[in-house]
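What follows is a set of structures for review.
After this come two complexes, each holding chain A, first together with chain B and then together with chain C.
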Partner chain A sequence: MKKIVIREEYCIGCRLCEIHCLVQHSKSKEIIKAYKGEYPKPMSRVRVEQLHHLSFAMQCRHCEDAPCLEACLSGAMHRDKKTGAVLCDEDKCVGCWMCIMVCPFGVIERNTEGKKIASKCDLCTGQEKPVCVKNCPNEAIVYEE
Partner chain B sequence: MVKRTAPTEFIVERDEDKCIQCQVCCRMCSNDAHVFEEDLNEVITEHKKCVGCHFCETLCPTGALEVKRSTSETRANANWTKKALTDITKQAETGGILLTGMGCDRPYPIYWDHMLINASQVTNPSIDPLREPMELKTYIGKKPDRIEIVTHLENGKIDPSKVELKTKLSTMLKIETPIMFSAMSYGSISYNACTSLARAAQQSGTLYNTGEGGLHKDLYKYAGNTIVQVASGRFGVHKQYLEAGVAIEIKIGQGAKPGIGGHLPGEKVSEDVSQTRMIPVGSDAISPAPHHDIYSIEDLRQLIYALKEATRYKKPIGVKISAVHNVAPIASGVVRAGADYVVIDGLRGGTGAAPTVIRDNVGIPIELALAVVDARLREEGVRNHASIIAAGGFRNSGDVLKAIALGADAVYIGTSALIAMGCHVCQKCYTGKCNWGIATQDPYLTKRLNPEIGAQRLSNLIRAWSREIKEMLGGMGINSIDSLRGNREQLRAIGLSDTDMKLLGLKPAGEAW
Partner chain C sequence: MKNNSKYLIIGNSVAAVACVESIRRTDAEGSITLVSDETYHTYSRPLISYLLGGKIGPERMFYRDNNFYTENNVNAILGKKAVKIDADKKTVVLNDGSELGYEKLMISTGGTPIVPDMPGVKSSGVFTFTTWDDTNNIKEYIEKNKVKKAVVIGGGLIGLKATEALLALDIKVTILELADRILAATFDKKASAIIGSELEKVGCAVITNNTVTKINAAKTGAKNIKEVVLKNKKKIPAEILIVAIGVRPNIEFLKSSGIKTNRGIVVDDKMQSSLKDVYAAGDCCEAKEFLSGLPQVIAIWPSAARQGRIAGNNMAGGTEKYTGNLAKNSVELCGVPTISVGLTDTTKEKALEVIEVYEPENLIYRKVVIRNNKIVGIVFVGNITRAGIYTGLIKDGVDISSFRSHILKEDFGLISLPKEYRKHLVSGAGIEV
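The block that comes next holds the complex of A and B.
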């Protein structure tokens, strides 16, 4: 499957990936509305990790042997048959956060703004490529097989 | 008295309706012009710190930022301009020489904009470069005075398959297009910028130049597209280095700062730069103004031949001089000293750091220098002994074409190449805080230039200009760049004085052949 590959040597730490991710996962999908007029406040599913000049954008790795799938009590966490992406069905999610406990990369976030749910990267379902990749100004994340 | 400080140069206008407080601008500005104030929960801009590099404006996801020149004005005065006042204030504060980067920004005449190119009509057909062959291939180096061939007779007739060249040709550089990347050293620009130039040169079949900063060990793989430079500081010069490139260039002068040397501050001498330059980490790299072993043309000849010996006469040796008042006789001397090509760097040539007063006041424009050098070498019958490479402020393919018609074999582009990589010509190269990751060694900043993107953009620029040159050549009914070289009949002057036209060797627009 196609995955988001991190090239930390080119990550400039601008965090535009986080901003565009947030917008993509907002109701309006418009940047100014998403930031200024939406409640619950949309969340970004990618996070830039930074220590001094080393930085990189980290989002769900969509593991082959994803521990979150086994840990999920409600069956919300599932693998998309077509794309192979690990997705969280937010209707089924009960917010127990077992997935967060077992995730080896720490890329699942608690979303407590509305209904308590686990929030994670969905590879921008329906988009040609994830918006973080599309909007990275320095091609520090790429979407490839 | 109240101490005056230099006025604010730029205002960053923030459209508060659009600003989403995402703080990209705060994270990205190396000059700390944007700061997020936790107490106020908003981004505050300190306009005074803005250098006008437009990095924040480029990255702002909502287009909320616009960098503008400050409109704060002193009383209009043709002599005591805002710039004059600012400069004096800065010097009154610091007591130092004012530094700057890039090329001369004063409004001296740009002669390219006073030249017009010819085209075919009725009496000679123009050529469509998309349908017919069009040659931009250029050879740099010494061309023979005459060519002798050996023929073999078969039944009293010349056998065409057995014609051989008897004359031994000297080594020449073959480039696919007459545009090369000019000398920019590792140290003055980042590793990623050097890599971008090297890769682009390889992709475009042209050459880039190491400057006097030595050649980073990772870049030896691009040796086939590298000109190595030997300058007055001799930084990074060793046998392997000399043998690495396809040619060696002795740098005597630079258009932005004729007559003075260079100074790479110790802060920029990182571990990698130190290894490449062969100097201790953190030590200032000072290039003396003259080469201390060159005080005459005869001395230059010795160095040229020392380098030729060292590389077993396999590589052309070039000499780069800046365009100064006496440029024609100097270039003639350089050619007679044995140089295979001469680079003339004009007034508007760029730099990583130079005293402002020198950059803005010393030297002459490349257009005039190129024209007089070409004319002088022709008069003396030595034009074929060396190629001429023109440098200093080429902005587009029109400038390149005009330079070739004035007599250049090829041109060097520096500033244009940097602009292709993102540079906004803010002239702050000397601070080492380049937000675009070009003129800096700061690890936070250097990675902002992804060499894959850099190389692609540079290759695109070369490709675009080459295609435009082909179109213009086709319009003139010429199918090879060689037929344009020194062909001043293809140019006409507009709005120039008789003296200018005489120096440029051009007829006024309107005058027929």
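The block that comes next holds the complex of A and C.
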């Protein structure tokens, strides 16, 4: 399957991926509304980690042996049969946070505005390329088979 | 008539489901029969508190699609109980007298709630809380009797989950706990105190170091429960009583089978029992504990899932081995999320070190337990951000010397980890990126 590959040596820490991700996962898909006027407030599902001059963007690895899948109590966390992506069905999610407890990458977050749900990367379902990858100015994340 | 199948699975919960999926990964053809004494499709036991509290409806109880059995070509016999195993004849006898033959058998009968013997325990209004049927019965009783006051015996996970549901139904709850605090098995004192005081804030009374010795019921009518009498003779009014002092492996029906049991069914790293071609997984068995390597019953969902998968793999001729059961749980109570993993009680072992952040006024407590420079446990209350990174460090036995001072800092992350380990995680072999 196609996955997002992290190339930390190219990351410049600009955090554009976070902004594009948040907007992509907003209702309006407009940056100002997404940041200022939406409830529940949209969250970025990618996180830039930074320490001194090193940085990289980190989002769900869509693991082959994904611990979140077997920890999920509600069946919300599932693998998409077509794409192989690990997705959270937000209608099914009850916010038990078992997935947060077992994800070794720490890339699942609590979204507690409105109904409590686990928030994670969905590889921008429906888009040809995840928006974080598309908008990375230095190809520090790439989408590859 | 003997009905033969290549794979026979007793149980229909998470260990059984994981076993089916695992068998089908390697063997698309072999016949699978699954038998369960409950009549429901694949439903999630941990969701019963959400159902009781009205947070979800019955349609959301299922964690697999309703075509699960057909899609995996499983002959599901629901509503029948296995009463006996004959390992020589390779058969399982059901409560209606029918016999099922197998080539490979998997036992995943889970746990049975422990109910202490005491006067009045048979009164109407006394319930355990582990199944969907329990939930329906409780709901019906509450509605019929307009219950406003409940007592819950046991301040462990299930007791607190029941409490949360009852509170959501506007019922006043008193929790009785024999230990000196709630969640004593997985929490330390500070963590228990934060959750305990939050429960009290929402009108739930928590009584520790005490338990029920007698149940008084009405003398007439349906003989409904009226009150409970405590160890110290104090009486507490109770219109319903939930007994949640623990579960024990459901293995009584195996007595005549000759299978080796201790507290639970004894299994090896392939989840195979002492009987040839008989496997076991989940809450009914006693698999190897991760940190000590010693057998222990740890009744949690993710472990049941993993064990079921390992059993299924080996039943279908695979060679996957179980790496061990690491105690862990995630519970959100009164809006405060908590996660505990591994060894959290530091009072019994001198060599353990602790790094912690403790801000009770903000309902925040984060503790990391360290042994020989490796993390062996965590307790997080209030802030559970990225808890899984620590779980990963426990599982991988990573030496923390190089990032020890950073371990509970706000910006702690994968970037804080040694380059070699981080590279392996971020873009290395084994885990695909």
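Heads up, the rule we're going with is that the second predicted complex is superposed on the first by the 145 of 145 C-alpha atoms of A that agree within 3 Å, B and C clash if a C-alpha of one lies under 4 Å from a C-alpha of the other, contacts with A are read in each partner's own complex, and residues count from 1 in each chain.
Just so we're on the same page, a residue touches a chain if its C-beta (ideal position, glycine included) is under 8 Å from a C-beta of that chain, and two chains touch if they have at least 3 such contacts.
Model, not experiment: these values are computed from the prediction.
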Touching partner for A:Cys132 - first (chain B), second (chain C), both, neither: neither
Partner chain(s) touched by A:Lys3 [first = chain B, second = chain C, both, neither]: second
Which of chain B and chain C A:Val86 touches, first, second, both or neither: neither
Which of chain B and chain C A:Cys121 touches, first, second, both or neither: neither
Partner chain in contact with A:Ile32 - chain B first, chain C second, else both or neither: first
Partner chain in contact with A:Val46 - chain B first, chain C second, else both or neither: neither
Partner chain in contact with A:Leu73 - chain B first, chain C second, else both or neither: second
When both partners are placed on the shared chain, which of chain B and chain C touches more of chain A: C
Shared contact residues on chain A - chain B and chain C: none
Partner chain A, residues of chain C touching it in the complex: 18, 44, 46-47, 50, 55-56, 60, 62-64, 301-302, 305-306, 309, 328-330, 332, 337, 339, 341, 384-389, 391-392, 395, 411, 413-416, 425-427, 431-433
List of chain A residues in touch with chain B within their complex: 9-16, 19-20, 31-32, 35-36, 52-53, 135, 137-140
In the complex with chain A, residue positions of chain B that touch it: 17-18, 20-24, 27-28, 58-59, 61-62, 437, 443-444, 447-450, 452-453
Interface residues, chain A side, partner chain C - complex: 3-8, 47, 49-51, 54-56, 58, 61-64, 67, 70-75, 92, 94-106, 108-110, 116
